[in-house]
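Below: a set of structures, written as structure tokens.
Each of the next two complexes has chain A plus one other chain: chain B in the first, chain C in the second.
This part shows the complex of A and B:
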């Protein structure tokens, strides 16, 4: 007698099904089907995998998360998640679903750019979407990437025509509301030749006792284009956040990403950048300021595929209470990528005995004429500096905050939009207002 | 104002101060001289509250308060200022934010309202001028990339901003050329009043041509072994410390 035994992964996947994507064009359905096939073959990530050694998502597989739209969205609850004083085009998604009432879409043909939701773009701008959607996320072995590819409800679509500079940034607000929500927002950002755009993507919670945010940002940086992405992760402490960002750069382009994981139960980010054209620059900045029991894991991968490119990577962490941090930065230099400049630095300050950080730089270099450097430090505040500040009359808590601001400021100074910087400063200050 | 009695202090189990006595009254300037390693910086650090040092005996009374009982920031609030022998570089903290935060925390401690930006800026400019500190340094990180002379002038600048009752200058003159020395001395002389006092640690008598002390003390082996008037400094310059050490060792 044959019995069908379902494991946690099977049950988890069954819970994600039931969304109807049949109205989508075949080409997009194919992406979902392929991802689903991969998911069936893959194991749910566990500590057995090298990539998941320090980050435990077993609880995710055992929880009955499922896609669900929010009921009763209240205006004030949405506006509370805007960034004060930020003049931006705003797109709002709740539980992965588009909330048009709170969004400013730009879809006119004569405009220099398109800002809309991905589902709309899949219909109205299929020619723009098709060459790029899912292109960078084909990795068979990434469970959560495939999960989003299979089940993503919607997301932001941004398309900037050649030589167009946006007059203001775009803020994509991703909210979660409700219990046992599985939210799969997915943004696609395409910057054509010599265009410029800044996108702020924030992840926050309206109200939830348990949630899974599984997100993707796919960015296409055209020749000579300049794209900035600020990623603010500020969900509540009941949320598992597993995300991946992809950027593919053509020649002479610049891509800058600021990653700010501030709040959640667990945050895992996989950042993948391919420098696929000569003379391009990728800037990867991360500021990890954690308290409580938060666990954050940043995995970065920079692929120097072409010569004469530069990557600058700076991740800093300050860890209080029982917070834990993982940094795994990989730089790959292809054998044709001569004259590569690749810099990576990871610095950690541990404020409490129970906090910890795990860092692992990995360089794989196959070209011979390259400049690569990496450095990693884990330590405490400099006692000499603390005493100096206190001897000038600053309370110990003030002195610590001054040193903290200086330490993390080196990363945050890369956020050039004042209201965004203030917003982030505030989040970080809240995480450390317990400093005594 | 300051009364140190029988002070003994050690670091990492090594005794440095061995029963030090010193009394400083308002309006006075005391010079402390002595060979390297005799404990001058240790005394300065103990007064400022550096936690690496353990006080094992003795007392320090400052304006009626047990100084040793106070945290470093409380001592600053009460009016103790230490000009460091080796000012600390703090990357990423701008000099101006640093001093503004310090001034306002000290004012809060003293029960004064925070300074308005305008008032603060004019105060700042005035004190920068006092020690000829370039305004450009205000936006640089604290002491980072400052020349030796700039660091020392920055110490006196901070002292001027914080308006202490007792300024302890630990070898502020070391490594300064004569012009910088004059600037530093001039700063101290400008700040000097009948209500405050200075303890000036120095190796060289030349500083004392500009900051004229009421008393000169020789610190040796963790104690003050000789006290005299400003002429003692000249004598030390001339004859070195050996005669004092011999004199002291004969006595004990």
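This part shows the complex of A and C:
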């Protein structure tokens, strides 16, 4: 009898099936179907692919992750993951599913904005969702993006009307609870003309079970709008986190993203920014402070599609123990994007012989009247600076911490909300308590 | 400067025709088209090679058959048909030449038209020229002077006969047959090349130089160069090439291997000016070269300097494996692309030994509709304590239809290494041009001035007499806007 042999990818995909999306509008089902079709054709990412050269996700395909809804959510467990002292609209998702009990939704027509879950928006605000959902994520070649598009359970939906500035930030908390959970949260943020909004997205786990977080943030930045996105990734050391962020900017807009990968077993972030209107500015910041065996891979792609735009990229990493950091940044300047200013900088400090750092800062330029630069350094603490502090009676470990704070502070200073900054500082400090 | 002026200059800059395009009529002996085991046996037999080398070639051929052409480079071109290439062409042997008078006057004329007459060079700079016309060396000069010092500088096939132990020991030791698609191909069918051996403690008193030319239409050129520098020795090696105009794409897949022992230094300079194809991108040479140096022992140094102005498609990454402690690797490069040329070039610095150092300075200039990419790897292994690297890649764009790209890979696996990489891309500044114009320097002269300044710290690393030629090539490549 002939037996059908299934490979790891097929088995993995079968495990993700079983969710019922038939209640959704046709247009959204189409997105899922297209993604499924792509998944069938794509290989599971392996080191053979240039984009996955330094990051091995083979274990993900071999583990029996599946979508599961959380049972027995305990109030205290949820509140433990709120950012202290942060005054914000909160949306909570557990295992990718919406938890209305802990969330503040705003859906009234008279208010200048909508904050709700995506599934609700797909029904009630279909006219707002339809033109944007899935448009930036149609990339055929990204396995994990298609995976989320196909199986995403729910996520946050934020819509800001023209000329509206939100009075306080929005905090989207994504939690994972249970064993071998595959969670696919997907947020859609739409900022209309000249509006302003700040969104903090945090990813955390309730227990220490192994999990897969495959997340997407889709951001539409309207003309003259200003959107800030802070991403805090603080999951348990058995969790794989693969995320992608997409932003499309209209003219005169500003988009800023702060990425803080703090804890997990493996974190991969793909940032895709399209500067699709003149005079727009994109800022990408990342602070990577790692110890233990954590592997972090930040990939950025900034597409200068229109003239007179600016992009600033600053990624800094401090690596201890056996941590690995990967930075792969690409600036693409289109033929017509004259007068582009694009800057990219990646600095690494390696504290241990077992830690390693891989960088691939790339420029691809087809216009001539541009100023583009990238820099990459890998090194250690400045001996003279250390000596200066030591000569003033500081212990070596304290002196190192002072230098670390200064080094990573340059990136963290871009987090302007005080409680968020404090929360992040604490996460990073915990990672370097062991510093001797 | 008005827009139309600028357009005009770009137009002029991109219309420079290849000056060294001519064919000299020399009777040559050709192998059958195509590549089979038979072809390899034919080449080996023609060259009276020993059995072990034939075996070595056949093994490479076996490996090659199982390999695929690499396609990761940022270039696109119609893939060469490997069965449509003549793998062996040699000027008919006239036995050995005692003096230059015996050399075919046609060959000598060719070199005179190139502006590098052997006679003059002999006297002029004290350069020993090992002339490689198509695939076989036909004239070797200054040999006696070198042999007094124990330096071996001869064609590869001669070395196979006279110094089989040395060849056996070092061939494929830096670039193994299976290294990549084109190195495997070269290992299978290489026709000739140069061999250079500097014995212990000898400082080579003159620059060693080889001129390569592709002469026979439809001939793939598969050179193989091997340089071995023993303990405490020094050599400066020059390689330069100009090729006649051709409409069909020609393949050039050379292999260069350098081995540097304790305290030795090898300086390898290249001026490359293969036929780049016409303005519409027809014809031109495919240049797929594997160049690699091994700093095998401590305190050794290998330095690559290259000026690349030719070829339709270039795919070249001169590399250093810094195995010995305190060894040093250097890479200085100017790559100019014009019209439809495509270049994907750079270097690899693999730090294995302690306190190893590497410097990379790469200058890319793109004009016309060309694409110019830098691709480099700096790898610091765990054991390379105190390793140090500095890389700088600058690109200059002339005209708005070209592209300049940078793809550096930086891998670091220990805590005492310092790695720096910086890259910039810009065009010639309007303020710079204005400054020159204001002082009465015409725009095209000013561009020449700026381009020369842009490349200066690479050009400074070329040997004197080479630097002059390199500057000439640069001017031809960007003619109209330069000089």
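By definition in this document, the second predicted complex is superposed on the first by the 433 of 436 C-alpha atoms of A that agree within 3 Å, B and C clash if a C-alpha of one lies under 4 Å from a C-alpha of the other, contacts with A are read in each partner's own complex, and residues count from 1 in each chain.
Following the convention adopted for this analysis, a contact is a pair of C-beta atoms (placed from the backbone, for glycine too) under 8 Å apart; a residue touches a chain by one contact, two chains touch by 3 or more.
This structure is a prediction, so every number in the text was calculated from the model and none was measured.
In the superposition on chain A, contact of A:375 is made with chain C only, not with chain B.
Residue contacts after overlaying the shared chain place A:353 against chain C, while chain B stays out of touching range. Within the superposed three-chain model, A:339 lies out of touch with both chain B and chain C [touch as defined at top].
With both complexes placed on chain A, chain A has more residues touched by C than by the other of chain B and chain C. Look at A:82: by the touch rule set out above, it reaches neither chain B nor chain C. Using the contact criterion defined above for the overlaid structures, shared-chain residue A:367 touches chain C, although it does not reach chain B. In the superposed pair of complexes, A:406 makes contact with chain B only, with no contact to chain C.
Applying the stated touch rule to the two superposed structures, the chain B and chain C interfaces on chain A have no residue in common. By the touch criterion given at the top, residues 48-51, 71-73, 75-77, 81-82, 84, 87-88, 90-93, 97-99, 101-103, 105-106, 109, 141-142, 158, 162 of chain B touch chain A in their complex.
Interface residues of chain A, counted against chain B in their complex, comprise 382, 384-385, 387-396, 398-399, 402-403, 405-407, 409-410.
Within the complex formed with chain C, the residues of chain A that make contact are 50, 335, 338, 348, 350-353, 355-380. Taken in their complex, chain C has these residues touching chain A: 72, 380, 382, 395, 397-427.
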